[in-house]
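After this come two complexes, each holding chain A, first together with chain B and then together with chain C.
Up next, the complex of A and B:
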């Protein structure tokens, strides 16, 4: 327990902040029609959307890891103007509206986009496919992973990597056995954030991938659609999404605590 | 040189740290680079280990160039076979003591089982077998440093670099680790950097005194620590060094006064010379003492500081170590006018 004194007046806005975040969730949980909850969330459209969301979010998180880990390492260890520019570029998806991200993706990978004709020749139709959902999610979620991992790498510094090198370990061995294990807490929290962001992705997905049941209609899209037709179903599905998010955070938190033995 | 494949030849310049030095560590020899913080000691180690690239010069291990600015040779750290022991043990926090020690052999391609055997043997060597399964955070500073020593040696390095190995340890564990270092560096090419004269005295065959990035004095440990020729060497050895010119077998100081002493080698009249005096040989009086001391010199106290059980009285001329009761008796304070006396037999003169 910390003994640092918090100014007492801070507690008031802090309590307000908690209420502000907690109240809508509670309100939603209270408004759920529990008698029909089961049937509402198990319709074909709902289960399709949920499974599609889980599947695409998992693949997207994996892609974020494959592309984001090297990017974070480069950013954490590079200095100079180029690195600063690269860092700003990587953060762009974080600060632009997701819809704009979707438009940008269309211009790049859409049929009339920059790479569209090339992809066409290869027989690949990206836009309005499940692949497009994954691309959209990866696009918006990767900065979360990169930022979180880069921070962890910077905090860890190069002291242990230097030791590893003087012990005869080449760069790849050092990366695998020292760099990544030491940055693991950051990597895990970055992955959670990225997965959660993928799960919640809406704007870029609907713009770039459209809303086809079973193909591109993820849970957030389904919820938005149901909101028009059956608000009770929208609320029930929203609660499912909250539950999935809480579950993921809980599971990874537990895993991280068991790993914390390795952290300095 | 081919006869000494593990001899280390360092000749390097690092401009932005203002370090330029030329140093050789013979095969099996331990050299201490002695200098205050900020003198550039760690820069030298970083360059030899390959963590920092000098601007000019070369670093050789036997006949093999590890770095040569002229031919643009650069061997990366993991191919140098040079192990570095840092101030803090820097054990990998996510690995057990045993896995830390096995890390080097494993990284060099030794199969896991053999690496574990090697690591077990080294842990035994440093007396840490009982702690093999412990994580670094469960070890004390001294224990961690012993594991770090085992980890460095398990790679069978050609050269061992040691950076202030005891500075982060408490008084109880330092002697233990120093003993271990003394044992393992005995037949090994070792470069130790330290600001602690005790480390140098106990570990090193030779000492190089570093000041502002340059070696100002170099020689056998016992010689440098008993007959320093540089101000910095004298400061580290805890000795007084007075410079002047030889005058009829004595030393004429810049202010014209004479310091009587014993010359170990004949001094040419008028040649630059220096006198070395141990502070314990200097006594402090308020008036010119009666009796035999040939050197009675007026001086002004500039500082008083604790020095072990004694008080070191610094003056504008020589420092003296006297007991606290003596300080009280004499009523010493900064600015006190005193007379220092020292026997001529305690003043060692040598050419400077």
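Up next, the complex of A and C:
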């Protein structure tokens, strides 16, 4: 058990910070019309939106892992101007507004975009499809994974990898048996962040993919639409989204703690 | 397991300093939050004697209006400011239902103008409106296509051709209910590739060429310039939106709000609206 000294005056702004984040969530939970909650969140439109959100967020997180792990490894081990530029580029989706991301995606993959005619020849039409939702989510979420994995890899350093190499392991074996296990906590928390970001993605999706029940209308889009039609349903669905996010974080946290032997 | 413990201090001097720092942090945070909110409310400030012997007071009139009214209303607002020295007209443009929802939650405003009568009826039912709303303009739907019309659309029936990417407003928003009425009247069943949140989103999808066609208001096409073309269709007559305007019950200055309503419904206001593509109610 470690004891960390926290200056006492920090507690006041820390408490304010907690209130600032917690109060709106509590207020939302309090304003839910519980008598109709069940019927509001089980309409066909709501369940379609929830299932679509979970499905697309899962696929997008997988894509983030496939593309993001190699990227993070390269960034963690590379040095020099090129690496700095590459890192800035990869982090761009993190700092631009999602709607700007959506516009950029349109310019690249849209019908009249850079790759539009090429995709058209291949018989691929991205616009207004579930694929577009996945592309939008992957675009905005990948930096979260890359950032936390790169941090974990840098902290882990290269000592064990060097030892592994001197013991005769090839680069791939070292990557699989040493690099990834060492960075596993960072990889897991990066995946959670990426999944949560996918689940909450709104701006890029509505700009790039459109909004159609069962195809492109994810839970955040459904919530935004219900605000116009039935505000009570919007509040109820918002709470569902919060619950799903908390559940995912809780489950993965528990798993990570058990992986890490219970103590960080 | 990690726990954060705060070392207990007994020195009075240290404690009081801690308290001072804490108080300063709270004060600074509060000041920042308040500064972020701005001082937008209508506290009257004397403005001296401008252009005459009568002292005029700075007054602010807040108008909540449907997004489609933006261009003509900004023009009417400027004219109103010109004829009412000291008055500043501030607008909040947005989806009509969203505006009414904001008002129900206590947003301060003096005048409300919505894109259809149903949303105004909701404001009346919520007891937000003073008096009876006045209809002042109407708007009809038009088919909008990209300037080069890649799917060669010329009628509503063309929108049902397979492979045509049609974008509509979602049924929950006014332009969506108008689209549904038109479909019903024409006996066609459109299968959109996307049901957008607002009429401007539909326009955006067509403008960028992502969609082949959409249904938007005549005034949206008029405001969009050369990038899109509007196509009239006879069935549009079955879903004409009437725009009502009203002074709000909580208006800070009800007589000034009434004057703005008169400015919109007067000859000059109607002319400005007609220039933007609106027709008389």
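As a convention for this text, the second predicted complex is superposed on the first by the 257 of 264 C-alpha atoms of A that agree within 3 Å, B and C clash if a C-alpha of one lies under 4 Å from a C-alpha of the other, contacts with A are read in each partner's own complex, and residues count from 1 in each chain.
We take it that a residue touches a chain if its C-beta (ideal position, glycine included) is under 8 Å from a C-beta of that chain, and two chains touch if they have at least 3 such contacts.
Predicted model, so just to flag it, every value in this text is computed and none were measured.
Engineer: With the two complexes overlaid on their shared chain, look at chain A and say whether chain B and chain C clash or fit.
Structural biologist: These partners fit in the superposed model.
Engineer: Considering only the touch criterion stated at the top, classify A:178 as touching first (chain B), second (chain C), both, or neither.
Structural biologist: In the superposition, A:178 contacts chain B only.
Engineer: In this superposition, which partner touches a larger number of chain A residues, chain B or chain C?
Structural biologist: C
Engineer: Now for A:159: first (chain B), second (chain C), both, or neither, which partner does it touch?
Structural biologist: It touches chain B, and chain C stays clear.
Engineer: Would you check which partner chain A:168 touches, where first means chain B only, second means chain C only, and both and neither mean what they say?
Structural biologist: first
Engineer: One more residue to check, A:231. First (chain B), second (chain C), both or neither?
Structural biologist: second
Engineer: Pick out the closest CA atoms of chain B and chain C after fitting on chain A and give their distance in Å.
Structural biologist: 16
Engineer: Which parts of chain A are touched by chain B and by chain C alike?
Structural biologist: Overlap of chain B and chain C footprints on chain A: residues 263-264.
Engineer: List the residues on chain A that touch chain B in their complex, please.
Structural biologist: For chain A paired with chain B, touching residues are 159-160, 162-171, 173-174, 177-178, 181-182, 184, 261-264.
Engineer: Show which residues of chain A lie in contact with chain C when the two form their complex.
Structural biologist: It comes out as residues 1-9, 11-13, 16, 106, 110-112, 127-128, 206, 209-213, 216-217, 224-229, 231, 263-264.
Engineer: What residues of chain B sit close enough to touch chain A in their complex?
Structural biologist: Per the stated touch rule, the residues are 49-51, 76-84, 86, 90, 92-94, 103-104, 107-108, 135-137, 151-152, 155, 161.
Engineer: With touch defined as at the start, can you tell me which chain C residues reach chain A in the complex?
Structural biologist: 1-7, 9, 18, 21-22, 25-26, 29, 95, 97-98, 101, 165, 167, 170, 172-173, 192-197, 201, 205, 208-211
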